[in-house]
Amino acid sequence: MGTLHTVNKSPFATGALLSCIAHAKDGDTVLMIEDGVYGASTGTTVSDALAARSGAISLCVLGPDFAARGLDTARMLDGITSVDYSGFVELAAKSDRTQAWL
Amino acid sequence: MSENIKKFLYVNRKAPYGTIYALESLEVVLIGAAFDQDVSLAFLDDGVFQLTKGQDTKEIGIKNFSPTFRALGDYEVTKLFVEQESLDERGLTADDLQEIVWEDEDDDYAEKPSIRIISRAEMADVMADQDVVLSF
Amino acid sequence: MKFGIVISEGPYTHQASDTAYNFAKSALEAGHEIPRVFFYHDGVNVGTRLSIPPQDERNIQQQWTALAKDHDVDLVICIAAAQRRGLLDENEATRQGKDANNIAEGFRISGLGQLIEMGIQTDRLMTFGD
Amino acid sequence: MKFGIVISEGPYTHQASDTAYNFAKSALEAGHEIPRVFFYHDGVNVGTRLSIPPQDERNIQQQWTALAKDHDVDLVICIAAAQRRGLLDENEATRQGKDANNIAEGFRISGLGQLIEMGIQTDRLMTFGD
Amino acid sequence: MGTLHTVNKSPFATGALLSCIAHAKDGDTVLMIEDGVYGASTGTTVSDALAARSGAISLCVLGPDFAARGLDTARMLDGITSVDYSGFVELAAKSDRTQAWL
Amino acid sequence: MSENIKKFLYVNRKAPYGTIYALESLEVVLIGAAFDQDVSLAFLDDGVFQLTKGQDTKEIGIKNFSPTFRALGDYEVTKLFVEQESLDERGLTADDLQEIVWEDEDDDYAEKPSIRIISRAEMADVMADQDVVLSF
């Protein structure tokens, strides 16, 4: 089931999310958590880069972090799945390994 | 008297909750208000995320401090400069931000908006017009 | 399934220890095991008993102490990282000639080998940091 | 000229307190004054006396304690930030019912007003953080 | 004498340096310290952006940090001045204010 | 026996000295070497700066730990993967890095280079071939 990558930084502050999606293999999962959830919206300077990898890699966002930051679900990029902490655990369990992009 | 008044700018460039800087910046602003200085707040880069409306932190287990921004007017902190380009880059508009107002006692206590959306060039002017810049 | 957890940042300053806690709670509720949590870098500061967060905020140290007690989780603080940052247990304080210690209940101080061992003995390693 | 200094990150983990120290030393050598250094955010952790860095590394707390003693610098740790992070003096420990304290010689704990006051009373404010 | 801006982050890790030079006024000074010194070399993804503002703003680098990181002085961007800690103090003293881009 | 050997990858994406992560990562590698696992180190993004030669930290007052990388061969840590694109973006070439070698006891103790410069795509392959990934 490939790798579960976690990204916890805003893509507007650091390069972690872009480096992650540049290294993730097709079939991997990238889960945006904490400030990483800012990467999940449409109409930003990184949304094209993310959309280009969507499908090849499975993009997910940690819903509790998305809600905490007052972001608008209606403007979440197409193809992104929202999971709660239980879903996070499931993603980790079904992946072959996890990698945190700190 | 006015010789003893300095222009203080609190610069907020970080998102809330992922790190504590946004909250602890606000705590300085609240204490600093007692000192009767000329206070402005700048929100640019990821700092604009601090002002989004509808923050709901229940599930992450961290206290939602965003309502405190709405109390700033009571502390006579009325100048919150928000950078337009920073909003644009993040897919945000002014409508995504909280409404924050202050009551102008010189104008029959009319409610006036505290958030002033300005361009990057204007933000540079605001920064260059200060005595003390505190960065968070 | 066995999860190992690494926490690399201190409490309150970074969300890392909060996210790790929420993950750990959900994993345990789902029937997974968390034999050990390893605190490294500034993560060692989660294990101080001297923290006094505001009353309307969560107490991160107490959350971990309770979770460890309820689910038999081994909370290990890296000794090298802890010494740099001033996190000591009674033995270390005595050995180093310090007049106080600050470790919280449920945490223990040990070597980096415990991190490697956790990597070997668990099925998935989760890292929460900056 | 009077410099005020803010240190916003903890010792060893970030270079902030090292750079601030080198700046402060040079400023004092050049004849400037540093009436106060204010420790905020994780910077409060600079002021623990329980830190034991490796013998071949600098001891950041001791550097500040010595500098403060030699040049009469007021080392102020923010009380709100310190409580969250478990940095206490004897008074605070007693008041909060904690059985230990960890503040180092030469540091004192006080309120955020000391930061604003420093901004008002100094000519330049230097911030070292993350 | 304008503002002394300090930048302590690698421009390849965070956006602080680029945001700083986008906000610095002509006549200001930007001092790269700590990991910020990585911005001072030629041939990088940010050197063009820096070179474009050089002259209008005064670019400086903290020499002790540059040396610590094993960077090559011969490849420092044209027009960047290297200062030691005393020079840092002088820059702060002669500016009207300082601003740290954390 | 080999069933108990896991592939460990230490991922280094941060520059040295500005923060402690690089040093404390190396401390884990040294301790971890005693566990006889299959160890690789990855240097990408700002992590490549950890390996520059000529580091001189005397004036910043922080210990120069870069010589320790040259001792890794003695701990049988011989695979240091460095990403070419990360070097390029930072204006670096292989010549800017320390020479780090290990002695191959199966080849008459010939000195062999530990640093292997690989492409981003190859780095992705290295990452996908691990059991345990430790990030710093």
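Think of it as A, B, C, D, E and F in the order they're written, each chain with its own count starting at 1.
What we mean here is this: contacts are C-beta pairs under 8 Å (C-beta built on N, C-alpha and C of every residue); 3 or more make two chains touch, one makes a residue touch a chain.
Because the structure is a prediction, the values reported are computed rather than measured.
The minimum number of touch steps linking chain B to chain F comes to 2. With every chain reduced to the mean of its CA atoms, the largest distance from chain D is reached by A.
Each chain gets a centre from the mean of its Cα atoms; the one farthest from the centre of chain C is E.
Of all residue numbers seen at the chain C-chain D contact, over half occur in both copies; the interface is built from largely matching residues. Looking at which two chains touch through the most C-beta pairs, you get C-D.
In this assembly, the C-alpha centroid of chain A lies 33 Å from the C-alpha centroid of chain E. Spacing of chain A relative to chain F, judged by their CA centroids, is 27 angstrom. Distance between chain C and chain D, defined via averaged C-alpha coordinates, is recorded as 26 Å. Within chain C, residues 8, 12-13, 15, 19, 22, 41, 57, 80, 125, 127, 129-130 each touch two or more of the remaining chains. Within chain B, the positions touching two or more other chains are listed as 14, 17-21, 45, 59-60, 62, 132-133, 135-136.
Residues of chain A in contact with at least two other chains: 8, 12-13, 15, 34-35, 64-65, 84-85, 97-98, 100, 102.
Which chains touch which is summed up as A-B, A-C, A-E, A-F, B-C, B-D, B-E, C-D, C-F, D-E, D-F, E-F. Across the complex, chain B is touched by residues 2-3, 15-16, 19, 22-25, 28, 97-102 of chain E. Chain C makes touch with chain D in their complex at residues 10-13, 41-42, 45, 48-54, 57, 80, 83-88, 93, 96, 98, 100-102.
Contact residues on chain D toward chain B in their complex (touch as defined above): 6, 8, 40-41, 80-81, 111-113, 115-117, 119-120, 125, 127, 129.
Chain A meets chain E in the complex at residues 12-15. Of all residues in chain F, those touching chain A in their complex are 11, 13-14, 21, 44-45, 120, 123-125, 127-128, 130-133, 135-136.
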